[in-house]
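Next come two complexes, and both contain chain A; in the first it sits with chain B, in the second with chain C.
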Partner chain A sequence: MNLPQPDLMRRFDPRCRVAAAGLLSLWVIAGPSLSALAVALLMLLGTVSYSGVHALRRLGAMNVFMLLAVCTLPFSVSGAPAAQFGSWSASHEGLEQAVRMLLSGNVLLLTMTAFVTAIEPITLGHALLHLRVPKRLIRVFLFALRYIDVLDQVRLRRFRAMKLRGFVPRADLHTVRTTGYALCLLIADAVDRAHRISLAMKCRGWRGEFPVLLHFSAGRIDAAGILLLLLVLGLLQVWSAS
Partner chain B sequence: MECILNTVLVLSNLRFGRSPGEALIRGLNLEMNPGDRVGLSGHNGCGKSTLLQIVAGLIAPGEGSVELFGCACRSEDDFRPLYGRLGLLFQDSDDQLFCPTVEEDIAFGPLNQGCSRGEVRARVDEVMNTLNIASLARRPIGHLSGGQKRLVALAGLLAMRPELLLLDEPDTGLDPAARERLIHVLGRLPQAMLVVSHDRLFLRGIAGRCYDMEDGCLHPRGAPTHAV
Partner chain C sequence: MHIAEGVLNWPVLAGGAAITAVLTGVGLKRLDDDRLPLAGMMAALFFVASLIHVPVGVGSVHLVLNGLCGIMLGWAAYPVILVSLLLQALLFGFGGLTSLGVNAVVMGLPALLCGLLFAPPAGLQPRAALMRGGLAGAVAIAGGVLLMTLALYLSGGRAFMPLMTGVLVAHLPVAVIEALVTGIVLSTLIRMRPALLAAQA
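Moving on to the complex of A and B:
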């Protein structure tokens, strides 16, 4: 949870970073031209490398996954033929869609890497709360952060206990039944725990609102950052439209 | 609510059973004044934790009455305004620590009480200093040891400035050093306490009066023998 934050991004208010990521994502979804997407990709690569975030591994993993779609799209989308490989013909439309998918995917990943991933999950929850994301969703997010690990420890203890009593997973009914029991117990544990947590919250004066202790303060640098982003996106959009 | 002053807790002829035929608590009486420290022990399933939950208003007793701070508490509405004045420490600290970081969890109660931001900050800092856990302030709860979690859970209660602490096996799972530290911390607190533990030595370290819970009643230990 304590990720080292890049210096450049740490200067900005987490709410502005989340809002910036949202703006950029919306722009990508709006369908700008391929050249505008390519420029945005280059600018994001520059920002990420300047910020000192190691994004290469993430980019590599995603692009390997996308390779399959990029290789098959030109042949599966009908349209004007651009190239012929034996009996298979690649269409212009398919090629364009493949390049758009590749560029959009990379832009979105770099956007998240540059603006959001360096925010600690807890801070991200608070930033989303300040950005008027529904409180129930934030509560689920914060409770998941807190309790997934607790439930995982329960799961580990239970599976270790099974192992110590000679349980070896096999492709048989006994394994299915035992795993089913273990999962059901885990769900029952989670429900019991949820009940106890709600009692504990009640004892401490819970009134349906999750109070926030830490507040953020946005300054001039944040306003300047958002303005700069809007300016760049505006210019790219004008270029894209022309 | 009827209010009688000068007592922290009065339990009169309390009866409770989980099912119609079962009587887990049978006519239990207990009176505590401000600053009283009462220890409770008894075999597993004898109703110690249930008793604490009845006192905290989480379970309704079958019969008898619960008076907290001189006020007769019959329904949830009677208990609700008193939650800041009594604190219940749960057996499993993970049930109680639901905020992502230590200082946020400690601040949860005072924020619910409607304290100002400055007041909440002051209470959080004061409690962390009292329990010597200031270095953990920004630590995610999941990164704490069992002993640290217990102290943070206690800090979350103390930040609400309670007058009565209900501690359900606070020493369970603690190593000797953490246990000694907890005895030291609890010994310095001015609040009235009702402490449940299986460890009689631990109870002797903090409680002025100790009772064994047997057959649904309290039997004084190391004192003239009469069931209360």
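Moving on to the complex of A and C:
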């Protein structure tokens, strides 16, 4: 489930990458001009394609939702008419809002993909710890990360066993009931497993705290990266305002 | 049940993030160290449950189970849901950084409500548990949809009407399936492993 580490982004400190993603997201939310957003989108597409993360599938899933928004907004926002389709008129304001939504949604998703997704999740957990995200939340995150795969194997095994006994999912009550039963077994398995883990960890001296193994050091290249980002954002902002 | 990135305006996003910060803090405070592995396991479980699809008509819906999460974990449901959402954003690209807070409110608040309203008392009959679970499943999704439409309305007003209608219609089958599954799960757990439901604090 871990994505391959891209070469470009790997050189940067994970903490700086999370901070950069936050910075860029804030800039997008603050509402820059459409052309600035478009430029940001192109730059991010460049970064992501260079880093080799499969971003297109992720973008596809979100843009299905966006399609609904983009098709309806020009008609539901009132304003100066831009085009007429029978008795429906598309407004300038609506079109602008639709394009803004489309651009900023994609920029935000690509920001996440380019800066954060490529960080190995465990490293991300440590980076978030260093960024003062509550320790307990990170512990829950790390536990979850460790056991997603285990539970998914259990899920697959259960559904394979059901299939072998002739279970075919249909839109009927039997399917719902069977799914419910399978889920109960999954829950029972998960809770028992959590209990065993808790006991096993206590035997090994667990006092409710993971040692923090990964430490990062930000260097010149990180400072340069953040400065570059600030510079680009600054230029885009100046261009937006003019 | 995700609001996509770029849809909401900044006051709504900031509000969602603030509510999430507070409720996560409360949830973590009420989660003692002994239950940390359980909470992590539950976050993984809700992530995995979202991969289970139930056919409906021509398409299918996946399980959300936020109501069940609230019943089983009480206050701790909130940080667990937040972690689950973060993992979905990281591994699948559903939702993202900026909408994480709002999406956690959309799923977490109804979960907390379900924990308060529908946590089964000791000695509950399986038939009563079926009704209780069904209500919890329906309320959890209905509450989520309500919060989602509220977030959309606060962001875009009447212009988002078609989007809000879309959200409502898309979640009708989800609510039905969720009510049925949650009811069945709760009544089965009461018969099979009543101790699991008493773990809430």
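Here, the second predicted complex is superposed on the first by the 204 of 242 C-alpha atoms of A that agree within 3 Å, B and C clash if a C-alpha of one lies under 4 Å from a C-alpha of the other, contacts with A are read in each partner's own complex, and residues count from 1 in each chain.
Here is the rule we go by: contacts are C-beta pairs under 8 Å (C-beta built on N, C-alpha and C of every residue); 3 or more make two chains touch, one makes a residue touch a chain.
Fair warning: this is a prediction, and the values are worked out from it, not measured in the lab.
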Which of chain B and chain C A:62 touches, first, second, both or neither: second
Which superposed partner A:19 touches (first chain B, second chain C, both, neither): neither
Contacts of A:229 with chain B and chain C, given as first, second, both or neither: neither
First (chain B), second (chain C), both or neither touched by A:213: first
Superposed model, chain A: greater residue contact from chain B or chain C: C
First (chain B), second (chain C), both or neither touched by A:201: both
First, second, both or neither for A:122, with chain B first and chain C second: first
First, second, both or neither for A:36, with chain B first and chain C second: neither
Touching partner for A:193 - first (chain B), second (chain C), both, neither: both
Touching partner for A:145 - first (chain B), second (chain C), both, neither: both
Residues of chain A that lie at the interface with chain B and also at the interface with chain C: 1, 121, 142-143, 145-147, 150, 193, 197, 201, 207
Parts of chain B lying in touch with chain A, wherever the complex brings them together: 53, 56, 58, 83-84, 86-88, 90, 92, 94-101, 103-104, 107-109, 111-113, 117, 120, 124, 140-143, 156-157, 160
In the complex with chain C, residue positions of chain A that touch it: 1, 21-22, 25, 28-31, 57-59, 61-62, 65-66, 68-69, 72-73, 75-78, 94, 97, 100-109, 111-113, 116-117, 121, 124, 134, 136-137, 139-148, 150-152, 155, 169-171, 173, 175-177, 179-184, 186-188, 190-191, 193-195, 197-198, 201, 207-208
Residue ranges of chain C in contact with chain A within the complex: 4-7, 9-10, 13, 24-25, 28, 31, 33-34, 36-45, 47-49, 51-57, 63, 65, 72, 79-80, 82-84, 86-87, 89-94, 96-98, 156, 158-163, 166, 177, 180-181, 183-185, 188-189, 192-193, 196, 199
Contacting residues of chain A [partner chain B, same complex]: 1, 121-122, 125, 142-143, 145-147, 149-150, 193, 196-197, 199-207, 211-215
